[in-house]
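Starting off with a structure, shown below.
Just so it is clear, A, B and C label the chains in written order, and each chain counts residues from 1 on its own.
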Amino acid sequence: MLIDEMKYITPEISLLCFALLIVVVDLFVTRKGVLPILSVIGALVAAFFTVGLWGNGGISAFNNMIAIDQFGLFFKLLILASLVLVVMASNKYVLKFEKFQGEYYAVLMLSAIGLMLLVSAVNLITIYVSLELSSISLYALVSFLKDKASSEAGLKYLILGAVASAILLYGMALTFGLTGSTGLTAIADYFRTSSTASPLLLTGLVLIIAGFGFKIASVPFQLWVPDVYEGAPTPITAYLSVASKAAGFAVITRILMTAFGQPDWLHAEWAIIIAVLAALTMTVGNVTALVQTNIKRLFGYSSIAQAGYLMVGLAAMGMATQGNADIRSGIIFFLFSYTLTNLGAFIAIIAISNKIDSDQIADYTGMGKRSPLLAGALTLFLVSLTGLPPTAGLIAKIYIFNGAVDQGLLWLVVIAVINSVISAFYYFRVVKVMWMGEPASQDKVTSSWPEWTALAVCCIMVVIIGVAPGAFVGLTQAAVKMFGI
Amino acid sequence: MNLNLLSWIIFLPIIGIIVIAVLPKPGQKTVKWIALSFALASFLISIAMFWMFDRSGSAIGHMQFEEKIAWIPAINAYYHLGVDGLSIPLVILMTFLGVVSVLVSWKIQLRPKEYFIWILLLESSILGVFCSLDLILFFLFWELELIPMYFLISIWGSGRKEYAANKYLIYTLVGSSFMLAGILSTYFITHTFDLTALAGISITSSFIPLTVLFFLLIVGFAIKLPVFPLHTWLPDAHTNAPTAASVILAGALLKMGGYGMIRLCVSMLPQIAVQYAPVMCTLAVIGVVYGAAVTMRQTDLKRLIAYSSVSHMGYVLLGIFALNQVSLAGASLQMFSHGVITGLLFAMVGLVYDKTHTRDLNNLSGLARQMPIIVVVFSIAGLASLGLPGTVGFIAEFITFAGSFASITIAGMKIFTLIAVTGVVVTAGYMLWMLQRVFYGYPLDKYNGVKDADAVEMISTFSFVAVIMAVGIYPAVLTNVINMGVAPIARLIGM
Amino acid sequence: MMFSVGLDHYLILSAILFCIGLVGVITQRNVIKLIMCLEIMLNAVNITLIAFSQYITPTLLTGQIFAIFVMVVAAAEVAVGIAIVFSIYRSRESVDMENFNILKW
């Protein structure tokens, strides 16, 4: 029964209730400090429900609209974790929004709901609707500062996002038309009985990959990234760079694996497209990052490059026959460690920019003297992004590249490791600026306790995953269980 | 009975880091004593381990003090440590240098807390490289070493320190990137990261030509060793690094390159090593001669010794790729010998610089009168470097050349050896010339008030001298264990 | 032979419409026109969906429901879009993309 199946979306429902509650509370309460507390509680309640569903491996609900599997649940938890961290990091930043703080938290939670539905959607219709729920919330959030740069970023994000979703939709429409179904498993059934696909269907597949390429910032759909990252409120930039990207990768993994994962001739088709895109994506991201002077733009390009490494994993997944579970677990592990690392870096950036009110790398000069802890933490995250020990970044890279070499993609891995070297140039440029050179002012840069807590969590996790990844690898291996395969 | 000695040796410095890090605002004195005690503890354990090392014939070809715990089960990676005759001298070398480098930095004033943290981290990571028997663990430690070195050069260095640090970073990263690709390919072919297992099996692959695999792996080591023409980072890094970092860099870090070549390239792919030995030997000889020639032209003391390192590490490369048991043993001993001798030379240059505030040969003269002790120690180091009998330098070079001259693995080895020997002659030239200019020229008035070494400096430098002489007079203490380590490798080559 | 309208014709029509929309998005500088071009793209998709629904799965309404969802979502998207355009217009008195150049494209 429909009403019985409601329990499968309790995380989303509870989060929605809290989002609405926040809007209402915001009307009556003058002390706005209660709002972030409510959002954190909401996220924790949703996480509680999500954990409660764990182990319910592979059921679908609402007539095959969404699936409850560990893959989706893991990503829900990841999205909720980044929501909590972003809310904690926005603690001081929200003062810039003046009277719209309640809406900020509510819309942020709405976008999280969209992403959570997205990672468990197994029907093209649900995928599209939840994708748009998260995207439209994010368009609003990006332009939340309402100054020139922020609105401009929001508009660019909206237009390019809408074009991408139109392309995605067209791909979905073609797929639907030629397979006669919108359910991912039903599409898979169609392919199982056919030995070749019409060019139109392949066009549909390519258009779908292109549409999600926008979400995960793959070349040639990466153009929006630097502008939007620079113009958006910094906590939203952080959120975009992790939660939205993780969900994008989760859903593209799900679509490719469930609907287009079989038979062999089909997944080899898209694997090679993605391999080429991966090589281009990381190269473009890394090379363009070299000349950036704004730290948010730099992280924009860096996140494009990181998406490239992840796509190496996607390509390997396509190369593997029978959907090698280790490779999928590598992708999940990389997303997990990347989320913590990038969020941590952005929390440090938010804390620093709250004080110095600038995102120019040059203004970070001597940050090591003004705030050794913040600079130290940011250094740790940059080291992790470069892929050096003792951090999560290195293990994640080894894990994902190992899978790729395993599938005969040595050429791609060589390109990827050369790219890692290039990335060291710009990551360490920030490190150099922070630790060498004299600060422009002697003012100490400090931060509030929610930010410190969030930062400490990220730091500790990044090091623990870097040193003893066993348990986390186990977790990601459990998270590969996907509905329909 | 398993005491996990290796883990203690590697992680004692890390515990020291944690102690230093959690102390709220410790004084410079506290920090250096903590650093010293942890480095010393690590050193003492390594000596104890050397004492307990099984030297019987049955132990040949086996790792000792092994520890193995599952680490990342998903990719079959283990926390797997162990030492054999090849690595144990290097472990002792590093723990020794760890102690000495703390002593050398006794007077550091700038950010002492961070400084000693980085020194200890550097020590841990290098020890980890020498003890790891799992390729992923090896790679992790290999990369870990980058970060402390980068900061040591870029913050506490002098001159063009940022340029030097960046150059060091990029060179090493390029090498290690290829190494990572090589390691992953190895795993794909053999499905193991275990170095002990890899050394025994003959690798065949249709996936990737073994030659490519060999070069993927060796590039990183060649950069680190350094092999001509990949050596250009070394003079910059040395010249601009602080003294202790130079000591560790020359003393232990370069050895990671030689060690890696023997452990990975030669042991895993002996046939390819034989095939490309002429190329490597040619590079070695070029390195020796070119390094020596360039050294003659240097006027900066540190740069001079840095280039002499390029030349002397050429012997190591020659010894390795002469590919017979004697030459491999010679190469291993030469790594140890170069470690202590060049470590001492850099420590001495550091002392001279501390006292006179210049490293320029043109400005130094007649210091023998002001600093008699420094002169004696510096001279011993210089003479050891040019291979004076009675010092470890002589033994190491002699064994290396004897081994490579006798090698029949590849043609023309005698010619390579003869050319390389000229390096020794040139070394004598620049070392004596340098000593003469710095210490025995006409005394300059501006250095009248300059003091000689104090107690701490004497402890650190004399301990170097003791090692140089002790091993020089009784080399069997090391050659016995080294032979145990290289014998199985020589057997693999079949010569 | 009688000329009859079949699935192909709908698909070609929608493909042409989609391309018109796409070209418009790329070339238009006026934000309002740009958003209209976006709508053309979405409507092209709707035509595809409904045509498929009619000819491929005549017994099921999946395609038509999908099209309704697309319309609803598109309306929401345009609402947010126009709101952002308003906010920009207030500060700059312009709806021309050429003038939105604080951020490098």
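Points worth noting:
In the analysis below, a contact is a pair of C-beta atoms (placed from the backbone, for glycine too) under 8 Å apart; a residue touches a chain by one contact, two chains touch by 3 or more.
Computed from a prediction, not measured in an experiment: that's the story for all the values here.
Comparing each chain's Cα centroid with the centroid of every protein Cα atom identifies chain A as the most central. Chain pairs A-C and A-B differ in how many C-beta pairs are in contact, and the one with more is A-C. One finds 66 Å separating the Cα centroids of chain B and chain C. Taking each chain's centre as the mean of its C-alpha atoms, chain A lies 27 Å from chain C. With centres taken as mean Cα positions, chain B sits 43 Å from chain A. Put simply, chain A touches chain C in their complex at residues 124-125, 128-129, 132, 135-136, 139-140, 143, 146-149, 151-156, 158-159, 162-163, 166, 169-170, 172-174, 176-178, 180-182, 223, 226-227, 230-231. Of all residues in chain B, those touching chain A in their complex are 70-75, 136, 139-141, 143-144, 146-147, 150-151, 154-155, 162, 165-166, 169-170, 173-174, 177-178, 180-181, 184-185, 187-188, 207-208.
Against chain A, in their complex, chain C makes its touches with residues 11, 18, 21-22, 25, 31, 34-35, 38, 41-42, 44-45, 48-49, 51-52, 56-57, 62-63, 65-66, 69-70, 73, 76-77, 80-81, 83-85, 87-88, 91-92, 100, 102-105.
Within the complex formed with chain B, the residues of chain A that make contact are 326, 329, 383, 388-390, 394-395, 397-399, 401-402, 405-406, 408, 410, 413-414, 417-418, 420-421, 424-425, 428, 432, 435-436, 468-470, 473-474, 477.
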